[in-house]
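Two complexes, one shared chain (chain A), two partners (chain B, chain C).
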Partner chain A sequence: MAEVRLNEVTKKFGGFTAVDRVTLEAQDAEFVVLVGPSGCGKTTTLRMVAGLEEVTAGDIFIGDRRVNDVPPKDRDIAMVFQNYALYPHMDVYNNMAFGLKLRKFPKREIDRRVREAAELLGITDKLKAKPRELSGGQRQRVALGRAIVRNPKVFLFDEPLSNLDAKLRVRMRAELQELHQRLKTTTVYVTHDQVEAMTLGQRVAVMKDGLVLQYDDPQTIYDHPANMFVAGFIGSPPMNFLEARLMEENGRLYVQGKGFKLLVPEERATDAVRGYVGKDVVFGLRPEDIRTPEMVREQQPGRAFVGKVRVREPLGDELIVYADCAGNEVVAKLDPHLAIQPGQDVTFLAAMERMHLFDKETEQAIR
Partner chain B sequence: MRRWRQLLKRLPVHLVVITLAAIWLTPSLGLLVSSFRPRQDLLASGWWTALGRPFATQWTLANYRQVLLREGMGRAFLNSFIITVPTTLITLGIAALAAYALAWMNFRGRQLLLMTVIGLIVIPLQMTLIPVLRMFNALKLSGTFPGVWLAHTGYGLPLMIYLLRNFFGALPRELFESAFIDGASPFTAFLRLVLPLSVPVLASAAIFQFLWVWNDLLVSLVYLGGFARVAPLTVQLSNLVGSRGQDWHLLTAAAFVSMIVPMIVFFSLQRYFVRGILAGALKG
Partner chain C sequence: MNMGRVHWLYLAPALLMLGLFLIYPTAETVRLSFYGPRSDVFVGFQNYVQAFTSQPMLIAFRNNLLWLVVFTLFTVGMGLLLAVLLDRVRYETVIKSVIFLPMAISYVAAGVIWRFVYTFRPAVAPQIGLLNAIVVALGGNPIGWLIERPWVNNLALIAVGVWVWTGFCMVILSAAYKGIPKEMLEAARIDGANEWQVFLHVTIPFLKSTLAVVTTTMIVFVLKVFDIVYVMTNGAYDTDVIANRMYNEMFYFYNYGLASAIAVILFLAIIPFLVINVRRFRAQEAVR
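And then the complex of A and B:
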């Protein structure tokens, strides 16, 4: 058991900076997820923790030990790869036992650990099978088993679920969570899937272009994204961004843009926000923070805007509506039982207490 | 109907293959038949007449007996093995290690080294005969088996390294990383991962090298000097052509003795042969 700490870690490939002064720490037994689009440096970061890439600058600690120059095998970590990387010529048992054999564990101890892990993962009847005889989910379990038997200080996962079909992915996601609750091993998990990040991570680091843009628990990231990228990346459908200007009239603040003029609630009119009066901002609103009058009991002033419905996507439990508001496209997540048809003009209500404002230049959140 | 059309479509291919096979096989068949016929029959009638009446023909093993026991082909047969087997093992051993290093180990000048090795493939070995022979003479290696082992190994290495490196290089990187995290050293990864996973390509490389060395005349003749004591089959056979040029019954038998091992090797390992070539050309 150990914590993982990255201090100003940088990785350069030639002139290209893949990871840029990343500072992160995963506490003991914590499940940390690195998420971001491809090429954001999340996998490179993980590989540096594993010791598979050299660190250009900065320090990596596992426990109290600085591991920059420690080879992978001496870092007491286990890694699960995207393509599982099972040894094709060994059966499941030997795939799991390989690491222990190389470490000269006694035979009986190896046997005990392999069988225990196989039991835990439900692959006891597959111990004699070769990897090519297994399904994707079973291979994934063997890869997990190979990590578990070593009983390492840290688990490193590199997009372990992305080769599975959608249904299996959801199931393995739950299993991974259960596994972590049981083993309580510090885990660093890399994914490009924001749902995986939100569901698995106790804390999530959103990365882009080698930088960590925000590192927080999932709910904080969702409710208070630090910038436009995080706001747009987390959440589906993504947040609506509308060009707007902050105005003051009779002591009250309004966000005004093409086709809308919405009242900023008192509690959101902080000093920082007031500093932007008269300036251009980006106004952000999540699809589920847009409602229709039918969905709201008590109407408040300064919240309504009108849009013409272009497309409706009924999903059963919710209704996604794409509407055109004076040239802006707005996505709303509505009550599925509303009778809304394409071509119809609909009045929408914005949940302004949950609005987001961003600086137009820096794209940072204004709070 | 469809089946007929498919058959018709493939007919030209089949015709070409069958024709080629016939052109190649006929002389060999002639050799085989002739080698079992007595001298006077051989000189009196063509080998195909024997095939026409297989039971009226007099078949004999005397040619083989004479070639193997009195014309030195038996000794030469042994020499061929003494030359070929160690050469194949040495070449493959060195090539596998070199290919692994060139594919998966990081060291300065790796790319340059690889380019050099590949460049060596295009250098004709004839260019090296005189300087190497002079060196062997100075080192007292000419006319000895270790000398010819070294020479054949040197000539075989560039292609073998290239072939194996391509295959090793196509193994997934994560496999090695996984092994390193599991605690493997580069050498352990080579022994426990690379070798078991490369059996097909190793087998095909071994067959290539074995056949090349077995069938070689030039290298053996130059470095061994044609003494019967060390001469392999090819050298002995060419000596026979000189000393026994008229005795077709002996030459055909001798030729067949020298062909028999390559044929056994090929037919018993052809599975690997085809697979190995594909593996090298396409991807693991």
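And then the complex of A and C:
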């Protein structure tokens, strides 16, 4: 068991900076997720922790030990790869036992650990099979088993679920969570899938262009995104961004844009927000924070705007509506039982206490 | 038309060609091997007895065995080493092209080139051979590379073969090496393997079938080795090999019977390796 700390870690490939002064720490037994679009540097960061890439600048610590110059085999880590990277010429048992054999564990100890892990992962009947005889999910379990038997200080996962079909992915996600609760091994997990990030991570680092844009627990990231990128990346369908101007009338703040003028609630009118009065901002609203009058008990003033419905997507448990509001496209997540049809003009209500405001230039959140 | 017979119609041209140019000559060679030098007297196994007991043939057998072991070991071994090491080098393609280049040269030309390299002059004369020039420049006595028997001259000939064929082994093995998923090697490193253990436990097993094909290909070649020896020494100073023996029996001594017997022996020796090679190749294709 150990913590993982990255201090101002930078990785350059020639002139290209893949990872830019990343500072992160995963506490002992914590499950940390690095999430971001492809090319954001998340995998490179993970590979540096594993020792598969050299660090250009900065320090990486596992426990109290600075591991920059420690080869992968001496870092006491285990890694699970996207394509599983099983040894095709070894059966499942030997795939899992390989690391222990190299470390010269006694035969009985190896046998005990492999069988225990196989039991835990439900692959006991596959121990004699070669990887090519297994399904994707089973291979993934073997790869997990190979990591577990070594009982390492840190687990590193590099998009381990992205080669599985959607149904299996959901199941393995739950299994991974259960596994972590049981083993309590410090874990760094890389994914491009924001759902995986939200469901698995105790803390999530959102990365873009080699930078960590925000590092917080999932709910904080969702509720208080630090900038427009994080706000748009986390959440599905993504947050609505509307160009607007902050106005003050009779001591009250309004966000005004094409086709809407909405009242900023008193508790959200902080000093920082007031500083933007008369300036252009980006107004952000999550789809589920848009409702219709039928969905709210008492209506408050200064929240309504009108849109013409273009497309409706009923998902059974919810209804996604794409509407046109004076040239802006707005997505709303509504009650599925509402009788809304394309072409119809609908009055929407914005949950303004949950609105987001961003600086138009820096794209940073205004709080 | 009777469909049971029609396939023979389509096969006929190919079978005819095969029969005329492959099966008939083989059968005829086997028949001739039981006859005397001028193919008129039936002599039973006498040619075979001579092939396995005469002094020149025993030397040829010994040399072929030497070729088999040393040549195969070095071409495949160095090919593998180069394939793995060059994968980490910046100018990989340039270096590989240079090493592969001798494959484009005919064996006769290679033999001529290496005769110059090996040229020997008595110590008093200036050395015009590259190798002896170096030896003398370093203060040594010139060596009769193609004369000193039995090790120096045979190994010198084998070195030429290795020079020609290492590039071939390297290219095939390099292609296979590049097919190894990099994550698998990384997984092994994280599992605790050092570079040598990665090579031994992951790389080699992964390359197993390719190694087998390359090795058997080399063995088939080496059993038939002829041109290099014919051009460089023509078997003098105990450097003869089976194929060169066969050629000489045939075209210098006009002993058709003995030459045919040697051909049959060579043919029988190669068959097992050919079978292995074809089987391996099929298995490899089946996996794809």
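Some notes on this structure:
By definition in this document, the second predicted complex is superposed on the first by the 367 of 367 C-alpha atoms of A that agree within 3 Å, B and C clash if a C-alpha of one lies under 4 Å from a C-alpha of the other, contacts with A are read in each partner's own complex, and residues count from 1 in each chain.
Operating definition for what follows: contacts are C-beta pairs under 8 Å (C-beta built on N, C-alpha and C of every residue); 3 or more make two chains touch, one makes a residue touch a chain.
Keep in mind the model is a prediction, meaning the values are calculated, not measured.
With chain A as the common reference for superposition, the partners chain B and chain C occupy clashing space. In the superposition on chain A, contact of A:Met198 is made with neither chain B nor chain C. Once chain A of one complex is fitted onto chain A of the other, the partner contacts of A:Pro71 extend to both chain B and chain C. By the touch criterion defined above, A:Ile62 reaches neither chain B nor chain C.
Of the two partner chains placed by the overlay, neither chain B nor chain C lies in contact with A:Ala2. Contacts of A:Leu46 after superposition: neither chain B nor chain C is touched. Residues 50-52, 71-73, 77-79, 81-83, 85, 87-89, 98-99, 102-103, 146, 150 of chain A are contacted both by chain B in one complex and by chain C in the other. Chain A meets chain C in the complex at residues 50-52, 71-73, 75, 77-79, 81-83, 85-90, 98-99, 102-103, 146, 150. Residue ranges of chain A in contact with chain B, taken from their complex: 50-52, 71-73, 77-79, 81-83, 85, 87-89, 98-99, 102-103, 146, 150. By the touch criterion given at the top, residues 172, 174-175, 177-184, 188, 192-193, 196-197 of chain B touch chain A in their complex.
Those residues of chain C whose C-beta lies close enough to touch chain A in the complex are 181, 183-184, 186-194, 197, 201-202, 205-206, 208.
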